[in-house]
Structure formats: C-alpha cells, structure tokens
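Given below, in the form of structure tokens, are the structures.
What follows is a pair of complexes built around chain A, which joins chain B in one and chain C in the other.
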Partner chain A sequence: MNPFIEIITQPDNIAIVIMVFMVTFFMVWAFQQAFQNDRLLAAGLPVDGENDRFVDTFKPLVRIELIIAIVVMVGLTIWSIAVDAPLEEIANPTITPNPAKAPWYFLGLQELLVYFDPWLAGVVLPSLIVVGLLAIPYIDINPKGNGYYTFSERKYAVIIFSFGFFVLWLLLIVIGVFFRGPGWLWYWPWQEWDHSRVVFEPTRDLTALIGIDSRSLPGFIIGALVVGSYMVGGMIAPYRYWKKNNPELLTQLGMVRYVTIVFLFITMMAIPIKMVLRLVFLIKYVWITPWFSV
Partner chain B sequence: MANENKNNSSYRVYVFVFFSVLLLALSVWVVWDDEFGLRPWKKYQEDYKALKQDKLEKDYRRAVVDFQRAGGHKKLAELEAKLSKAEAAFQSKENQDKYTKLNSQFEAAHDVLTKSQKELRDLRGQFLETEYYYTKTQQPEYKAKMDVLQRSIDAVGLRVAAQQKVEESIKGSLSALTAGTAGIRAEIENMKNGLEEKKEKIANNGKFPIEIKQIHIKDIDKADRCQSCHIGIDGKSQVSNKQPFTRHPASFVYLDHHDPAKFGCTFCHRGQGRATTSAEKAHGNVKHWDEPMLQGDMTQTSCLNCHGDIKNLRGAESIIKSTELIKKYGCYSCHKIPGYETVGDVGPVLTQVGTKVNYSWAINWLLDPKKYFATARMPKFYFTQDQAESIADYLFSMSGTTRHDVDNTKNKPDAKLIEEGKALWAQSRCNLCHATGGRGGNNTKVYAPDLSKVGSKVNKEWMFNWIKNPNAYFPGTKMPRFRFTDEQINSLVAYITTEYQDEEAEYKYVQPAEIKPASIAKGKDLIQKYGCYGCHKLQGMEDMVQVAPSLKKQGVTFLRNTEMREKIGMELSSIGSKPVEMLDFGKLKKAIPNDRLSYIKQKLRDPRGYRLGLRMPNFRLAESEINELASVLYGFTDANVPTRFLVPSRQELDRMAGVSSYKFTGDFAKVIADVKCTNCHSIRGIGADYAPDLSIAGSKLQEGWIRNFLANPDVIRPLLQQMPKLGLTSGKPPAKVTMPKFNLGKQKVEDTNRSDVDVVINFFQQELVTSDIPKVLPQLKGTTQDELIAKGKQLYDLKGCKACHQVGTDGGALGPNLTNVGNRLTQGFIFKHLENARKFKPDIVEPNYGFTEAERIYLTNFLMTLKLSAK
Partner chain C sequence: MKSLNDITGSVKKNLIWKSIFRRDYRNTVRDRAQAVFGNVFLHLHPVQVRESAVKLRFTWGMGGITFFAFIILVITGVVLMFYYHPSIDQAYTDIKDLEFQVPFGVILRNLHRWGAHFMVIVVMIHMFRVFMTGSYKAPRQFNWGIGVILLVMTFLLSFTGYLTPWDQLGFWAITVGTNMGAATPLLGYQGPFSEYLHITPYNDVRFALLGGAQVGGNALLRSYIWHCVAIPLFATILMFVHFWRVRKDGGISKPQK
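Entry: the complex of A and B
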C-alpha cells in the first residue's frame, strides 16, 4: 500500500484527517462570511447580528445544541463500533518505539523540540501560550465584531490568531502526524518510513558562522546581543510605527497592554524565525547560556 | 425575520427527528454488538450444545434399540409381572399383619436405642469436661468423678450394643419379608439403569451455562479463555470433528499429563488467550501480537520450556528429531544456547590438518564443502579462492613443516593386499558409520564422514596412523580404535585409497614451496572473523596456541584459549521470545512477513540476506530441515515458567542435588575412550540409542555369552546393525588415553595384563548390576527341577509365546529369538522380566500377562533350558 494512505488510514490518525477537513471548512466559511459582512459594512448596509445585542438562549441556541449533540453522538457511536481502539505492541520497558510520538494534540509542541531547547519548547513556550490565551480578554480593547464575522474591523486580531492557531498549532500537528517518521526525520507522503535511514545534516550555532565558539565568552556575548536586540527592536519598532500612523491606538492601549501584546507577539514570531534559521541555515542555537539555549 | 426563523425551525425538526431515530437504531446496534457481535463464543457454545444434544440423543436411541433387540422389553414385562405378583403376595393379610407387628417392634426398639445412645453421648460429654478440669487443676475429686463416669459409660455402652443387636435382628426379619419385591425392583432398576443415565445426561446437557470459560494460572498470571470456544477440548468423547468443537488430539499424552486447569492453553500453544472477540485475535494472528498460536507438530517446541531432557519424551517426537539438528550442525559452536554448553566440538581437530589432507583438497573444501560430498555438514562461507588459499596457508603453516602432495593414484598396491583390506572393511562393519557411494552410514548420530572419495583427500601415512590410534590425532573423536595389526591396517589403507577415489574433482591447487607470511596473516584474520574456532580446535589442549615456526619468526603469537572460545554469533537462548521489533529485517522488510518465525526461517535459508556484512555461513539446509530447526529455535524462550512446571533433566537434578553425574572409572573408562562403546550403546544414561542399553548388562547377561559375543559379535540382526568386531579379545586397554574428560584420578592400580574383555566383563559385573534382579530364583517346595521345566513348557505353549518368539525354526519374529536364551540371559533377569517387562525397557511391546510368581519360576526354568549346543 502507498505509505501515505497507510498513515492516514491508521485508526489513530483518522481524527486528525477529520480535523484537517473540518478546520479548513470552518475557516473558509468564517472568512467568506467575514468578507461578505465587510462588503455590507463598506456599503453602509446593516449586518445580520450586528445590532442583536441580546438573543434568547432557548430557541436559537439550545435547539441547535441539542441537534448537534445528537449528531455528534451518532457519529461517535458509529465510529467506536466500526473502529477498534488502536492498540500497539505490548509495552516493553526495554524498547523505545521509534518514532515516539506524543498524543496528537501535543505534536505541535513536540515539533518545537526540533528547533528549541527542551526547556523553552517544553516549559516556557507552553506556559506563554496559556498565559497569552488568558490575557486575551484583558488586552483586546476592540469592541467591534461582536455577534458577526468581520475582517476589516479586527485585522490584527484575526491575522495574529490565524497565524498562531492554523500555522503554529494545527499545521505543526499535521506535520508531526504525517510527515515525521523514525528518528523524527522528515518523510514526504510518498516516502517509505525506513528505520535504518541515515541523514547527514550538520548543524552549527550562529556564532560558529563567523568562527567564534558559541560556548566561549565572546560567543555568549554575541548571542546575547542578537537575542536582546531582537527583543528590544521588536518592542520599539511597532511603537514607532503606530506613533506615526495611529497614535490614537497607543493611547487607548496604554503602556502595560502594549508591552504585553508586543512581548507575546514577538515571542510567537520568534518561533517561525528560529524554524527558518534551523531549516534553511542549519543553525542550532543563537545563544547558549549555562541554563538554557535559544 | 420571524418568518425566516419559522422556516428554519421546521427544517431543523426534520434533522432532529432523523438523527434521533438514527440514534435509537444505533442504541439497538450497540446492545446487539455488545451481546453477540463481540461475543462469538456464545454461538459456538450454543452450537456445541446442539451437537452434543444430537450425539446424546443418538446414543440414547441406539441404547434403546439395543435394549429392545436384546429382548429387554420382554424381560422387563416379565419382571414387572413378577413384581406385581410378589407385591400381591406381600399384600396378603397374613404378611401384612406380620409386617405391621415387626414394624412396631422395630420402632419401639429404635426408640429405646436412641435414648440409650443419647445417654451415652451425654456421659461422654461430661467425661470430657471432667477430664479437661482434671488436666488443668489436677484435683483428685475430678479424678474420682472421671472413674465414676467411666464406669457408667462402660455400662451404657454395653447396653447400647445389646439394643443395637436387637434392632438389627428385627430389621433382618423385616427385610426378609420384603426381600422378594425389593430384589425384583433392583433387577428392574438395573435393566433400565443405562437408559435412565443417558436420559439424565440429555436433560443435564441443556443446563450448562453459556459463559466465558477462563483458566487462570496464578503464578504466571496467564488467563486463557480458549475454552469459551473450544468447549469440547477436554471432553471425554469426540462430539464433532469440526473446529472449534473437537477434542484435543492425543489427549492421553498431552492433556492427561498437563491438566488444562493447571497449565492452561497458551502456555504451550501461545496465542492471545485473553482475546474473546474473534478467532483471529484469540489465535494471535493480529498485528502487534508477537506470539501467534502454534499448531500441529510446531507446538512441540513448547516442550522445551519445561522439559530439561526430551530424549524419551512421549509426544515430543517431532521436536526430538528437530533438536538433533542443533547437534548435527553444531549451532552451539557459534551461538550461546542453554543446555549445549558442554557439548563438544562439531568439527574435527585441525591442529595438524596439514599432515592429513592435501592442499588442493583443503581449498576445494573451503570453497564448497558440499561439492566434495553432498551430505557435508560444513557450511559454505562464500570464500573467494584467494581467501580459501590464505586460510589453507594458515592451517598448513600451523601443522608444522610436513608436506605431502602425495598422489595416491600412483604406486598401486598389489591386488592381494586390497582383497584382504576389502574383507577386513566388511568384517569391521566400517559401513555401519561411514557411508560410501550412498550406502551405509546407518548410525547417523555419530556423523561419520562419507568415505566415497577419501582416497583423494587424505594422506596414506596419516590414514595408517589414524586407524592405528585415532585418539592420538583427535582426542575425543568418535572413531574407535580397532585392535588391528599393522599388516591389517596396511591392507585396509590399501583398499580404501584405491577403492574410494575421486574421479571427477580436479586437484589443481599446488601448495607453495614456502607459504607467504602475508597470506598466513590474512588467513588468521579470516579465521578470527568467521569464527572457525567455534567448530574446530585450532590448537592443542594447552592454554596457549601452538605457534607455527614460520609465524614465530615474525613474532606472531596467537590468541589465548579463553578468548578463542568466545561465541561469535548472537546468543540464542531467548530467540523464541525476542520482540519482533528487535529483529532486523533489513532489506527484506517488505519481502517477507514481519514475524519471528519467518525471520528465523529466512535467516536459516539465506543467512547473509538481510543486509551487508553478516558473517553467518550458509548451511544450505533442506526446507524440511529449516522448518525443524526453526521449530527448535522458536522453543528457546525466556518464558516465565512456574517452578512447579519444570521437569529438570537427570543431569540438572544431579547438579542441584550436588551429585556428580555418572562417570566411568578405571580401566573400563580407558576402554570406552578407546573403543567408543557409547557411540551406539547407552550405559547409565550416557551414550546413544543405536544399540541395546547396557546399564544392567551385568545382571542381565551371562559371562560366557558376553565373552563369546565380544569375540564374535554376529547376532541375528540386520547386517548394518551388527556390532563391529573390535578385536577386544586380543587387545588390551591403552596404557594412556588422551582423553581429558574421564575421571582417571581415582583410578586404582589395576592389573595391566588383563585383556579388554576381562576389563569389560569385570566392569559389567561390578558396576552394571542392579539389586532388582536376584541372582537365584525363589525356591518352590515339593517340585523337582524336571517338573518345573515341564510346567514351564506347558505354560509357554499355553500363552502362545511362540507367536512372537522363535525357538529353533519354530515361532514368530516379532520378539527376540529365544533359541539360545538359556546361555545368554541370567535366570534372575528372565524371572524379573516376566513380572514386568517395562521395568527395564519402558517402550517394549511385550504384553504384561500378570504371571504369578510360581508361573514365572516355571517359565524361567524352562527358558534356561533353551541352549544352543556348541558346535
């Protein structure tokens, strides 16, 4: 059988295949509605739901929820009868399965281990995700877009969410499930998973590019400078941009909100940047400290 | 907007109704699936019940028909008529009065008895209480009370006994009165009984519950639910020939000795014993289950889990045969295998091989052993010619400077010598072990080389020395030393070297005048790489290896003995339970099924096929041998075996008990080491089963007969089972045997002038005796010897002994010929043998006639008269 078909038909992975289609479907649908509403708003026409500040819970919501609950139960029942729990080989403490994959919903985080120090990928970044999600109600000061879909009125919010959720979370899960094989090596769908495959891919640290040992003091200082200038520059650049183009927004946000938002944003953006460094330039670490490496 | 909502809701109602109905239907499906879909064993049990019902009913109907055919119904009617008549008689007034009177008497007597018995019980109770207090306090008053009570108890006891007698007598009269009817009733009951029982069975059949049948073996925590489907597996009779309803095949061997309730099923059969949802899963034929169920002869591989010694194990025939292959090919030489640690080298000693074979032959052999003879056991290493030459160079350089490219075809000896040699060859039964031209070699377990082409292989001089004393060249060889004279050996060598020539092969390689040191070094590397030292001794018995002079010059010293002895291959002690993901299928991952058995078989088929760089040589096994070997290897597991399952071998038991295993001592050990009796005979558990077991030969055989036999061992057996004439009568035990295994330390100073025969007989009579066999027969008073013999002869004819045994020219050939038994066996042995033939030979076919002691004495006396008078 084609290796790709083999992988996507594994009982374990059916959920992720379903997820891919469902997420795509709802994403397209949501954006379609958002653009439609944007056109209405631009033409000065009313948007469905824009003015419905309050809607009855019982009729519109509960009925739909009940039906959806039944549909989901039907689906789950059929699924659970038709597909048995995908058991693997008997647990053996002396054998580590290869590839050893986390539960699918954590595969995005596991993928980060390729690019980051485990302490960052496993502790700091997940904590920041949780903290960031908790902070959203407090840092979102845009009152628009309640009860209806819109893009033009919430550009920043929609773009940042879409990037963080679709790309950094879901895409990494899909990569982890379908594209990572033995040895956590990259396998294209048409490639056979080969347990004895060897890939020679020497990585180096950033300072090694200019001939400085990253573990030496100069290496440490250079690394710290690079990371520090990214953080400081990332803090200052949006401020100057908004100051020039949208000073109102800055006053509305206030300093605390601004710093929180920008810190979370540049941290998030550090992830794709590091991925590019690792994949394209084969850079392992930028900055090595005795406690963690970036 | 309201309108729109309404439209929406009516559409939603349909969706709601549709999915609700679907959910309801699904709930029904869920229940059905859980009750039946996932429990297929329910149907099997129902089917079994129906099949059994059919069988029982058929049984019952047949029994009824039999009953009626035998006129049962007529008899029954007669009996019933008789019964009603007797009952009528019993009902007559006279009898009834008598019966009532007796009955009331009985009741009265019984009343009295009951009262007395209660009194006795009370008294005893009081006595016990008093006794307790007395024991505790030691007060004399209690003692006095005990005495009083004891007296009362005695008195009442006597009364009870008397009253019991009275009651008994009344009871007797009562039953005499009803005896007529009771007897007839019992007879009717008896006639119907078989039928009733069968009827009851039919009624009970419906009652057994439909449920999961589980066997739980606590100490290894195995839960087998196989019997949920294989419901009739341990049944008393076969209900159906169809799976899963059959009985266990040969259950008298397997189940009778391995109670399923204690052993379960998967312990031997493997499979996934806990699975109940489908046969595929239960049999373990699913992904990620490494232990598919074993079927048929393959199951015998599990015998190895517990049985330390399967040599004579009933029901393990297939695995016994397969295990022999491990010894045949010497797998243990390169792989660590439990139980084979002490088995000797499989290949011959090569320390002096340069003096034995010619250089060209050695290279041909290294290139392809099967080309020389098809049954060669040495595997093919795929050496290039260059490599083969290097190895030969190394081996020849180690053998010292002796060179012999002697062309045996030249200098043909004279015909008379060859003729003598041919006669000697036949007389010595060389063909018993050595095959030539596809004939002979019947004693397969010694793996003697095929000699069809030996004339082109070995050096005449070497052959002479070899026949003269094999132990000198190869200590521990299986080749016996025949007591030939030098002239005889010369004739034999002449015969062999001219008769058994290789006409086809080319002996084109010429030994170089001086072997290149580079080639020698390369040969050494190859030997180390491929582990030749696993099967062959490349050095003497010393710790350090002999270093050839030519090598010494270059400062080459060989490895230490211990280093050399390390196993080159992977340990096989748990190959049968190795996780599949740890097996490296390499480039055959897609080509063959990814399971353990396929892996093992493919490895045996093509040892270097999985990837580059593998070193195992190719034994070029037949497919049947591959299957057999795989079944053995599959049995080497690290399975969790409860101690109570283990059946250790005799050696293991000895080791556990701290007893050293049986060893031959003294001169006899020397004779054994020299003549290799144990190649064919088994003595006290040591040796092979090709010829009779000699463990009790001293008690069994008469000295004179042994002497005659060893001088002229022509028993009436097929030619290839005849014992070779070893010349023991004229020979003497060797002064010194180069055989390290025997315990010569305790050896006493023995008379060195004794001949081999004397040594053998002495040993037989001293060691190979058992106290189970008496030297003389028990005496029967009042009968003369002649009478005994006459009675024995009568018995011999009466029991039809001659159906199997031959005396003179009369009788069958199944049993041994008894014509000369009076000269051969001791009377004690015959006497005991007649009592229980299986005692000394468990697999004998002779039936047990259950003779009385007297009868055995008659027969023994008769048999002892059967003597072949000396010609």
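Entry: the complex of A and C
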C-alpha cells in the first residue's frame, strides 16, 4: 500500500485526520465571522449578536443541545463500528519501538526535543504554555473585541495566539504524527520507513562559526552574551518602540504586565528562531554551561 | 377504543407519574420556566438565554460537546472497569477478553478510545472559540483560568489512560512522557541543578509519577487510579465551577463595546 494512505488510515491517526478537518473548518468559520463583523464595525453598524433578544431556554436551547448530543453520539458510534482501536503486543521493556512516540497531543512537545534539551522542551516550555494561557486575560488589556468575533480590533492578540495555536501546537503535532519516522528522522508521506537509515548531520554550536570552542571559557562568555542580549534586547526593544509611538499603552500596561507579556513573547519566539538555527544553519547549542545548554 | 389522549391522560393522573413530574406541562411561559429551574439537570441553564446561545455560529456548541464527550467517557469508562484489573498480569488479557469474549466489548472499547481522542480535539477548538470571541475578557478572566486547568485535566486524563491496556503503544508512550519528568530542573535526576539536591533516579519526580524507577506494576496502578478516580473527580468539580461561573459572569458573552 502507498505509505501515505497507510499512515493516515492507521486507526489512531484517523483522529488526527479528523482533527485537521475540524480545526480547518472552525478556523475558516471564525475568521469569516471576524471579517464580517469587521465590515460592520467599519460601517458603524452593530456586530452580530449585539441586538440579541432573549429567548426561552426550554425548547430552543434544550432542543439544539439534544440534537447535537444525538449527532455526536451517532458519529462516535459509526466511528466505533467502522474502526477498531488497536491493541499492540503486550508491553515489553526489552523491545523499544522505533520511533517511540508520545501520545499524539504531546507530539508537538516531542518535536521540540529536536531543538531543545528535555528540561526545556519537556518541562519548562509546557509549563510556560500553561502559565501563558492563564495569563492571557490579565495581560490583554484591550477592552475591544469582547463577546464577538473580530480581527481588526485585536490584530496582535489574534495573530500571536493563532501562531501559537495553529503553527507551534497543531502543525508540530501533524509533523510528529505524519512526518516523523525511525530515529525521529523526517519522512515524506510517500517515503518508505527505513530502519537502517542513518543521517549524519554534523551539527555545531554557535560559537564554532567564529572558530571558538563552545565549551571553552570564551565560548561560554560569548554564548552567555548572545542569549543575554536576546533576552535583554527583547525586553528593551518593544519598550523603546512603544515609548516613541504609543507611550499611553506603556502607562496602561504598567511594569508587571509589560515584563510578563514581553517575556512570554520572546520565549515563544525563541522556538521558531531555534528551529531555523538548527534546520538551516545546523546549530545545536547557542550557549553551553556546566549545568545546562540552550 | 381509547384514544391516545385518554391513555396519556390517565397515565398523567397516575400516582407514580405525578410523584416524579410534580406538575403538568402546558407550554406557558410559567411552565417553560418551571421546566428549567424545576429540573436538577436543566437548571444549569438560565430560564432565558440570549439568541446567540441558541445560534450555533457563536459558540459552535463546543463547550457543551466537550462536556457530552466527557459524559460518554465516564459511562463507557465505568463499564470498562467491570472487565479490567490494573495489574500487569491481567490488564493485557482483560483487554483481549474485551475483544474476543465480552459481548460488544470491542465497540465499548472503541467508543472509549475514539471518544477520548474526540474530547481532546473539541476542547482545543472550544478554547479557540473562546479566544476568538474575546470571551476571556472581563468579567470572565477567572473562568478562562478554570478552562485552562480543564484543558490540562483533559490531556492528563487521556495520558493516564494510555498505559492501562499495558501494550507496547501505551508502555512506550508513557515511558517517553515520564522521562520528561526526569529532566525537571532541580527535581528530576537528569535535570539541571538536581545534583545539588542529591536527586537520584530513586527520589525524583519521575519516581513519584511511576512509583518506581521503571514503568511497571506500580506505574500501572498509579495511572489507573489517576485515570479512573482522582482526575475525573477533580475535573468534574472544576466543570461545575466552570458552568456556574458561565452563569454568574452573565451567561454566554455578548458584544460589549
């Protein structure tokens, strides 16, 4: 069978195919409503739902809930009749499958292991995702766009969240499920998995580019400077920019909120940056310390 | 011949019927309200809602669908528990029995498995909807937070369930997953700075998760208890707080400009 068909029809992967379709559908629906409301806003008209009346719960709402419940139940039943949940061989600590994959919704994090050490990819970044999500309502002080779909009134919030949600979370999951084979190597869907394939990718550390051993003292100092200036520069740059262009925003935000937002943002952006460094420039570490490496 | 009306009429006069439904339903405003707040399940709803709560295009019904998926999982999960022992000698064969011996065992297991995948998908879409409508803004900040914890609970529910069949898939997924615990800064034996706290493979986070240094019988028992008792209990409580707050925060959000 065509390897691509084989991969997407594996029983557990059908869920991911369903997810891709559902997520795409709701993404389009959300943005379509956002743009529609944006047109209304531009014309000074009330947005969808603004002039809602009240209706009884019993009948309209209870009825639609019942219908949805039946549709979901029927759908899941068909799915369960059509596809059987696999049961693999009994657990055997001596036979390691290759690749050994985490559950699918954590594959984005497993993918990060290519670019970061486990303490970052598996512990610190996931914790920061949760912290970041919890922080959203408190750091987004834009009062607009409360209770309706809109893009124009909260461009940055929507772009940043969508980037995190669709690219860094969902796209990495899809890559982990469909494009990663033995040795966590990249396989196109039409390629056969080859368990003896070894890819020798000579990676190096950032300071090696200028001929300095990353494990030497100068290497350590340069690495610290690079990481430090990314963090410090990342902290200062938006401040300078807003100070000049939107000083009001800075006063509204205040110190704590500003630091939280910018810290979360530059940490998030460190992920694609490190991915490019690794994939394009074959750089493994930027900074090596005796305790950890980044 | 009695007509249908006569029959329903006499049924409704029956003592048992009356004791259950307390009063007749006449499709008046009063009775429609009564139907909602007189019923322990329906009274999660307000008596009246804004139209957008009824129009699918605003909420997509996603929170409700997530809750419904959870209910399906609780029901199928409880039935599965009748056929399952959380021990490494029996777990795997119990699942095999489910496949080959138990009537409708395959469908039962499939429903639980696909239902779990489904719940993870829809809870993420629900979060996306809440973000896109800006419904986390005042006064709903706290409920967004409850939601985030529920999202984590959903992942953990699915994750702890992975190990229970005791097959290669679950075993290695849990091995890969819990190895991350070993990398925790300070508290995992491979994590940065842990040597200063004298952390070893026998006293770190991973050991606490697994009840051992390897995925074994203790890990199976632990994940089973987390999966079937502790997390569902905690998640249920949080869901009711979540629903309560949806109402106390003024119902489904509406445009505030």
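Convention: the second predicted complex is superposed on the first by the 277 of 294 C-alpha atoms of A that agree within 3 Å, B and C clash if a C-alpha of one lies under 4 Å from a C-alpha of the other, contacts with A are read in each partner's own complex, and residues count from 1 in each chain.
The criterion applied here is as follows: a contact is a pair of C-beta atoms (placed from the backbone, for glycine too) under 8 Å apart; a residue touches a chain by one contact, two chains touch by 3 or more.
From a predicted model like this one, the values you see are computed outputs, not experimental measurements.
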Touched partner set for A:Ile159, first chain B, second chain C, both or neither: neither
Which of chain B and chain C A:Ala30 touches, first, second, both or neither: second
Partner chain in contact with A:Met73 - chain B first, chain C second, else both or neither: both
Contacts of A:Ile90 with chain B and chain C, given as first, second, both or neither: both
When both partners are placed on the shared chain, which of chain B and chain C touches more of chain A: C
Partner chain in contact with A:Ser196 - chain B first, chain C second, else both or neither: first
Which of chain B and chain C A:Pro118 touches, first, second, both or neither: second
Chain C-contacting residues of chain A that also contact chain B: 59-60, 64, 73, 77, 81, 87-90, 92, 95, 97
In the complex with chain A, residue positions of chain B that touch it: 5, 9, 12, 15-16, 19-20, 22-23, 26-27, 29-30, 33, 288, 290, 579-582, 586
In the complex, chain C residues that touch chain A: 29, 32-33, 35-36, 42, 45-58, 60-61, 64-65, 68-69, 72, 88, 92, 95-96, 99, 106-107, 109-111, 113-115, 117-118, 120-122, 124-125, 128-129, 131-138, 140-141, 144-145, 148, 151-152, 155, 158-159, 162, 165-173, 175-177, 179-185, 188, 190-193, 214-215, 253-257
Complex interface listing, chain A residues touching chain C: 12, 15, 18-19, 22-23, 26-27, 29-30, 33-34, 46-50, 52-62, 64-65, 68-69, 72-73, 76-77, 79-81, 83-93, 95-97, 100-106, 109-110, 117-119, 121-124, 130, 133-134, 136-138, 140, 143-150, 154, 158, 161, 165, 170, 291-292
Residues on chain A engaged by chain B in the complex (per definition of touch): 59-60, 63-64, 66-67, 70-71, 73-74, 77-78, 81, 87-90, 92, 95, 97, 196
